[in-house]
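Dropping the structure in here first, questions after.
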Amino acid sequence: MADTQEESLFEAPPLAEQERMVEAILFASAEPVSLLELAKRMPHGSSPSEAVDLLRRRYEGRGVNVVKVGQSFAIRTAADLGFLMQRETVETRKLSRAAIETLAIIAYHQPVTRAEIEEIRGVAVSRGTIDQLLELEWIRLGRRRQTPGRPVTFIVTEQFLDHFGLESARDLPGVKELRAAGLLESRPAPDGTDGSGPLEKNEDQDELFDEDDQEEDATQQPEEEQ
Amino acid sequence: MADTQEESLFEAPPLAEQERMVEAILFASAEPVSLLELAKRMPHGSSPSEAVDLLRRRYEGRGVNVVKVGQSFAIRTAADLGFLMQRETVETRKLSRAAIETLAIIAYHQPVTRAEIEEIRGVAVSRGTIDQLLELEWIRLGRRRQTPGRPVTFIVTEQFLDHFGLESARDLPGVKELRAAGLLESRPAPDGTDGSGPLEKNEDQDELFDEDDQEEDATQQPEEEQ
Amino acid sequence: MAHTDTDAGTPQSVADRMAAEELIVDVDGYEGPLDVLLTLSRTQKVDLRQVSILQLAEQYLGFVEKAKELRIELAADYLVMAAWLAFLKSRLLLPPEPGEEGPSGEELAAHLAFQLERLQAMRDAAARLMARDRIGRERFARGITEDVTHRKVVSYTATLLDLMQGYARIRTKDEFRPYVMDRDAVLTLEQALDGLRHVIGAQVDWADLVSFLPDGWTADPKKRRSATAATFAATLELAKEGKLELRQDDTFAKLEIRRRARDG
């Protein structure tokens, strides 16, 4: 009851003030903050997305920038100033070639099953490789594939996007060209050793590369699928 | 990049660029950074104190400010926005039966002493119940009763009237009206203000023993029973 | 480069053979046959889309041969690939037999080319990805963070109805007590005896039992009933003691009592 009263009694703060609020919230967090979270923390009636836009423009060209990560926003130092920074952060265990390739395959082919990763790399994917990527929180489980055995799929996370400075999976370097060249398809082998149908898979992928859907996907529990 | 660094050995970058550097360093450091430390990390010939001053002015009135901590500098949330770092979740709870009854007695009998409340309720009133009502600002202390021991009395507040949509405590429906509204059993009040006959009385007693009542009784706080 | 001797008539160039040897020296460093095929395909120095699968098959078979000569244990999947490529090679070289089932050599070759191109594309993509400005290397997150403290605010509510019901509950509470037989409408035998003993001594003439009911017990039918019964029981008690006598003329006629004469 007190809430509704507040809502009706007080107007949202001016946009300039909202911008200050977004500034404070983004500065305070090392992790990207979603618009939803911003809205929850700002006074009723605020418009976080407008405020973020203002802030983003304000920090263009500055020593720190407002970056979009998936559906969230974060402040990061400008890349050209990296040389000034002390490498305080402990370097993550050096990733093996297998892990790097597996990560790239998941990013470009998501959602992708383990069998598909193995098909692309031509070798078995060791348990440790997937584990390492899961531990880094660069990949996570996606929806189960609606094929026999209902295998789990892997997709990349917001942390992945943040780490590599990507707004979304659509911004992966060269993703358009690779798609155009048909290299992101999973073509069945002519001798039928490969079971996945390319049509179904591409539908999945279309969905995933769709902005709205990524959020939707994030909330979806794999087991919710029948 | 190595080139620019070498160059900067001889010529300091423009002040605007130094300001960007300070901005990035202060943003990313886990601790406040001293001018000495800044000078060490910035290209030779830089003037950290000038750059810090510029940055400090730039952040005046913003959502975060450059603050001096001892001999060092840090970026901190503006003091007036500290509330954004808290997320409040409001949980609405029903007032306990003991609190409601106590409140009702105060409303109907004000000014009323604690002893009187206990007499009317027939059980001891816990300190917590009174405190809770005081905290809610629904009751406050009235004048002391001019009797031995000069006990404090309790009366209801403006906030109480507001919350319950009353103009004054006198607007509270009387015992007769409560009965008419079916809120009171039709048995005569112990003070004998009612003239209903004894025949009805026995019927009433039967009613009193029905299940609802017994259940209601079970919810009573044990410590409230004398 | 100790092993330069090769079988006569091999179509491989010297460079190919050297490449194959290098492969073999480092065979553990390869991630399976596809990886080896991709490495071999680079020796063709053409765009992967134009790579000659037939030549590649021969290169691979040469690599496996070499490994055998050097008594290097190759994992099973390397040998499976060799067998498959030998099959592919025969398909590519021989005209298809009429009525033959299965995909053509060209189809199989095209798929292998696609696989190689795709793997190479992923490797390039991985390299580009890792070369991006990354958090903790070129770009940095906030060093001093502020935790968002979760504060739970409990707001208590009550409605006017709650309040009134609460008050009503208190006002009726006194009536709420363990069930006992309500005695105030009941005249006990003791009470009736007590009353009767006081008055019977003066009663010389027959009088209606009802006239002996105590004051205040006649108006209310319930009380009257109780008082009548108690008084009647009391007369019986007193009759037994020999203190009074009673008579009734007829069934349901009025009961009359009087003092019993001491002498009688």
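When the chains are written out, they are named A, B and C in that same order, and each has its own residue count from 1.
Keep this in mind: a contact is a pair of C-beta atoms (placed from the backbone, for glycine too) under 8 Å apart; a residue touches a chain by one contact, two chains touch by 3 or more.
All figures in this text were calculated on a predicted structure; none of them were measured in a lab.
Enquirer: Can you identify the chain nearest the overall CA centroid, using each chain's own CA centroid?
Expert: Chain closest to the assembly's C-alpha mean: C.
Enquirer: On a CA-centroid basis, which chain has its centre farthest from chain B's?
Expert: A
Enquirer: With chain centres defined as C-alpha means, what is the inter-centre distance between chain A and chain B in Å?
Expert: 38
Enquirer: Could you state the distance in Å from the CA-based centre of chain A to that of chain C?
Expert: 28
Enquirer: With chain centres taken as the means of their Cα atoms, state the distance from chain B to chain C in Å.
Expert: Taking the mean C-alpha position of each chain, the two centres sit 32 Å apart.
Enquirer: Give me the residues of chain A that touch two or more other chains.
Expert: In chain A, 1-2, 27-28, 41, 75, 77-78, 85, 88 touch at least two other chains.
Enquirer: So which bits of chain C are touching at least two other chains?
Expert: Touching at least two other chains: 140-143, 146, 148, 155, 157.
Enquirer: Taking the touch rule as given, give the residues of chain C at its contact with chain A in the complex, in rising order.
Expert: For this pair, the touching residues of chain C are 31-35, 77, 102-103, 107-108, 110-111, 114-115, 117-119, 121-126, 128-130, 132-143, 145-146, 148, 155, 157.
Enquirer: Applying the document's contact rule, which stretches of chain B touch chain C when the two form their complex?
Expert: 24, 27-31, 74-77, 85-95, 97, 99-101, 103-105, 107-108, 120-122, 132, 136, 163-166, 172-173, 175, 178, 181, 183-185, 187, 189-190, 198-199, 201-202, 204-205, 208-209, 213, 216-217
Enquirer: Mind listing the chain B positions that touch chain A in their complex?
Expert: Going by the criterion above, the answer is residues 1, 5, 19-25, 27-30, 41-42, 61-64, 75, 77-78, 81, 84-85, 87, 90, 92.
Enquirer: For the complex, give me every residue of chain C touching chain B.
Expert: For chain C paired with chain B, touching residues are 140-144, 146-160, 162-176, 179, 182, 184-185, 220, 222.
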